[in-house]
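Order of writing sets the labels: A, B, C and D. Residues in every chain begin at 1.
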Amino acid sequence: MIRFESDYLEGALPEVMQALNETNLAQTPGYGEDEYCARAAAMIRERCAAPEAHVHFLVGGTQANLTVIAAALRPHQAAVAAVTGHIAAHETGSVEATGHKVITLESGDGKIRAAQVRELVEAHWADSTHEHQAQPALVYLSQPTENGTVYSLAELEEMSALCREKGLLLFVDGARMGAALVSTDVTLPDLARLTDVFYIGGTKLGALFGEAVVITNEGLNRDFRYIIKQRGGMFAKGRLLGVQFAALMTDGLYERTARREVELALRLRAAFEAKGWPLRYDSPTNQQFPIVPDGALAKLAEKYSFSEWGRVDPGHRAVRFCTSWATKSEDVDALRADIEKL
Amino acid sequence: MIRFESDYLEGALPEVMQALNETNLAQTPGYGEDEYCARAAAMIRERCAAPEAHVHFLVGGTQANLTVIAAALRPHQAAVAAVTGHIAAHETGSVEATGHKVITLESGDGKIRAAQVRELVEAHWADSTHEHQAQPALVYLSQPTENGTVYSLAELEEMSALCREKGLLLFVDGARMGAALVSTDVTLPDLARLTDVFYIGGTKLGALFGEAVVITNEGLNRDFRYIIKQRGGMFAKGRLLGVQFAALMTDGLYERTARREVELALRLRAAFEAKGWPLRYDSPTNQQFPIVPDGALAKLAEKYSFSEWGRVDPGHRAVRFCTSWATKSEDVDALRADIEKL
Amino acid sequence: MIRFESDYLEGALPEVMQALNETNLAQTPGYGEDEYCARAAAMIRERCAAPEAHVHFLVGGTQANLTVIAAALRPHQAAVAAVTGHIAAHETGSVEATGHKVITLESGDGKIRAAQVRELVEAHWADSTHEHQAQPALVYLSQPTENGTVYSLAELEEMSALCREKGLLLFVDGARMGAALVSTDVTLPDLARLTDVFYIGGTKLGALFGEAVVITNEGLNRDFRYIIKQRGGMFAKGRLLGVQFAALMTDGLYERTARREVELALRLRAAFEAKGWPLRYDSPTNQQFPIVPDGALAKLAEKYSFSEWGRVDPGHRAVRFCTSWATKSEDVDALRADIEKL
Amino acid sequence: MIRFESDYLEGALPEVMQALNETNLAQTPGYGEDEYCARAAAMIRERCAAPEAHVHFLVGGTQANLTVIAAALRPHQAAVAAVTGHIAAHETGSVEATGHKVITLESGDGKIRAAQVRELVEAHWADSTHEHQAQPALVYLSQPTENGTVYSLAELEEMSALCREKGLLLFVDGARMGAALVSTDVTLPDLARLTDVFYIGGTKLGALFGEAVVITNEGLNRDFRYIIKQRGGMFAKGRLLGVQFAALMTDGLYERTARREVELALRLRAAFEAKGWPLRYDSPTNQQFPIVPDGALAKLAEKYSFSEWGRVDPGHRAVRFCTSWATKSEDVDALRADIEKL
């Protein structure tokens, strides 16, 4: 079985494993207060052109999402997300478990637009019974989205301006940030400048695990480590996160790896298009979503794994193929050839 | 600086690192549904003589504690713990953040007694206003305790019998379980037989991270994976936990490592006693708590690190020295020699 | 100003005030453990033909909703409601504040259908990643709905059968239950037989305040009074609730009052229809929702109060007129005459 | 049976009932946005000499406590209370259910001292692992305490100064505020000046129900009505609270009633002392706690009700006798006579 079902099927990049092996016997304080974390944080601040930013390393995405949102909101405040946003759809109500409603906005492609948020917020405040409704207070975006689509710089700037106008926080989930960095005009300095908090995903880009949360809003950062600890995210051997992110941030490894996985994905996309299979979403990133006839899918499933993404019509289903840092070029070639032969 | 301040200063045992390196490129499904986790769970079930037990792998101790307790209790129910219990004293109110009170019982040594729990529970139900109080519903023990002390099999059996008599759940935090296994008459099969849920700590015994939660109570296990996900503990590359625990459970590595670290700790203890330094707690495990004159401490602090455990009198403080899988025998010898020379 | 904006504009029915005045100096134990509550509960059990049912008196609707749902669900479980359901739309995220997601279903008229719930639940369990989603576990209906519409007995039976088939709890919010009892074929015994829990609203039908929660599911009732206390709903002078509900349940006062308010509302409805104003919802109850030209509304607003229910098109808005136990027949006549003259 | 077991055995003062009866048919907007609430709030602001203060009316004490604390704290922050404080001992973990730990301080008489809070707070911040502990952020006092004791102005000023020095909020639970106002040198203007938020209890002083929450801290007041709604405390017919508090604040009714109930209580106290029964607490308020021989208690219990307050030794128990607005002078005389005769 050649696996394309997700981008977290393997361990970590050789450079990351090597760094872990080399530092294995070093003695450091726990809980992220070590020199490796300090160094990785400094590298990230530099890459973000945000010398004042605070960087916290967490183990996973759901943990990062719930910790940031719990830290950011008062009890009556809600996060606003696309109906397909990870916090709305795939985290078992983890935000609600911290006490907060997730207000969902319709989305065809996984993105939400500033105009939608504006309408929601203005309707809230215009309603004389607004105290009877959860108050929209934070916008959650995924870059790229769960459907592989991306926000452009212009879109992100518009959303950021709206949030500042309306007093909302802007939070970007970057579980697959690498893939967005190499396929959009949005850079890390843009994210640092335009959001209150975002994270750079390691789990889905070559680390064993880890998300680097970058906070530029001082108020939000206040006592943030208490919240990490309270939510179970204070990693005892925190230095493992610092070691991994330092490796990823060295010599452009993070972007180089992203670029390679995206190139492989685009080769798959070209094969789907050549075959005449429509794409469910227009994704420039490492996730591709062809709509495939059932018969062809059954054939492919004998040799390849992929994820279900919903039935489109009685004869076709959308599926997801992912590439990752570990995807082999020859496996992509094999799949392309098999598609062509179908 | 030679470090004795905690038992999570280094990475992982060579056998664990080797297993991670060897399996790094294997492709597996995520979220703990892989063959490595399945194998490690089977090994643990066998070691626990509990073929029906459910095993879940979590990343850390606070996460394990809050996930188990959130899964176990209805909203009005409380956990009962020693005032020094980790959930009461060192987890930033993580249990309260899931909505539950932690009722604390006094403890001189870190342990609580069945008689204390009996008195609490009987007083609760005897009080005509008991509905105005949180209902004690789960007993939380640490084995060994945060002070290095341990429950004997007789004590654990008494607590278990009481819990069953009164309808309380019994939960044992085994973050340092290895040290208890080699210094008490309580075995893994005893824990599986006498508790509803306990865990076997990896983070503090030779793994990079990880706690193996063993649930023998079927009702508690129902939908447990939803709760793991909701609390941010569903690890994407879950197989990393399976790989590590499989290594720890192979050829007695876990107990062998525990035995060595405890032997080193007892050599330190002997040095403290030879020097006439009283022990704050009577610990047979890898944490030792001498009460040391301030002058001697200042001298030691030039060369060794340790943890503060509170002032005892104007001239003395209690401190903690920990050994771990990575502690070097020669470092223990050096410390012993330096103590003798003081 | 003649007020039709809601059905909680005045105090209480004369019979209710009289009962409160007459019992004012009686001495009783607190917290609902008095003879008045016992008597009112017995009357309700009898009216529900449910001799085993448990009756709890709470002060208000939001409190009743959040208390029942907090008592009913485990942390990963969700309530299912119409997108217009009170818990979804007008309670400031109170259910989320107890940790639970509210999954919303589309609704044109305020009702949800068994087929919608079936589809949701079956999709949940069919999804291999269901543990990553909140688990639908309780269906919340309002009878009548927030839009004045009602479930028929056939509809309620179908929903109940589905819930039992799928293992979901069925909870009916009866804040305006009286209006439903006199305009549908659903009786109190039907509700007791078909749901796990429902309530009979007093606040909106002639009491100063109060909702009588009827629980027929033994497991749900377990320790329910703890949850009431924990959520701030344990009323010190609980007998005030018993006194009021006993008055409402005496000599058919509750239904008689409901019948009168509904008749007045239907007279308003007839006037709207005669005028050619379409009705936003087909309500047989005490809330009526005409779609009115802006000019006519402005005219009416000089003399009458009503609630906004949203713009329908550039020239028309939907509004809500409510009648209550205190609505005067001559006020209804005056409004009818003024509408005719417009 | 003549009842002294609590101060919420009866309905409301005649003046309060009269006001409710007289306003019964008035039509007002709901949710506390009516003229009665506005007027009562203005009267309270004037009595507090706090023209900028915000006044919110809630139905009960537990609701007031949990709403204020939920509004005040970030997730990792804790309330500090006496171990006997109502939120710690008699509210079924309602504060924990909003996610916050209650840190308890030892107390012999129900009061806590500024020095205790100082020690706690300074120890927290001095501990290098403070992020692993809930952060003390709000001090909760009861005036009078659950044991009838009271804070003097000097004590309250010292606590207030400490809270401001350390950045903690100060919250005073005034469920029995009237009894404190007439037995200490602490006035309502003092409370408004020295605390961030406190409340004036109606339930236990002549109202059917209701607590008037006075907030002088602008930040805490922000969006407070959302929190009230979310926690189920937004009373539909909110004007009932305004009507009652306006009556209590008219012509000194509140203090006059308090003075009378305290005088009756002190007459009971004199009888206990004359009999040689020690007092468990030195209470100048309407709750008195004699320590009574078992035989005498059994005799009294034939004719009088009172509350258990714990066994003191094998032959004696502490009990509580309460007076209230409704206590009859002749009942107090009868009890005094019966005690004398014992």
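The rule is short, and it goes like this: contacts are C-beta pairs under 8 Å (C-beta built on N, C-alpha and C of every residue); 3 or more make two chains touch, one makes a residue touch a chain.
Quantities reported herein were computed from a predicted structural model and do not represent experimental measurements.
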What chain is the most remote from chain B, judged by the mean position of CA atoms in each chain? C
Compute the rotation angle for the C-alpha superposition of chain C onto chain D, expressed as a multiple of 5 degrees. 180
Chain-centre distance (mean CA atoms) for chain A and chain B, in whole Å, is 33
Just curious, how far off is chain D from chain B if you go by their C-alpha centres, in Å? 42
Residues of chain A whose C-beta touches two or more other chains: 75-76, 91-93, 97-99, 131-132, 134, 226, 229-230, 234
Just say which it is for the chain contacts: an open line, a closed ring, a star, complete, or other. complete
Residue numbers of chain B touching chain D in their complex, please. 75-76, 78, 89-93, 96-102, 128-129, 131-134, 308
Of chain B, residues touching chain A in the complex: 1, 3, 5-6, 8-12, 17, 20-21, 23-30, 59-63, 66-67, 91-94, 97-98, 203-204, 208-209, 226, 229-237, 240, 326
For the complex, which residues does chain B have touching chain C? 31, 70-71, 74-76, 98-99, 131-132, 134-135, 223, 225-227, 229-230, 234
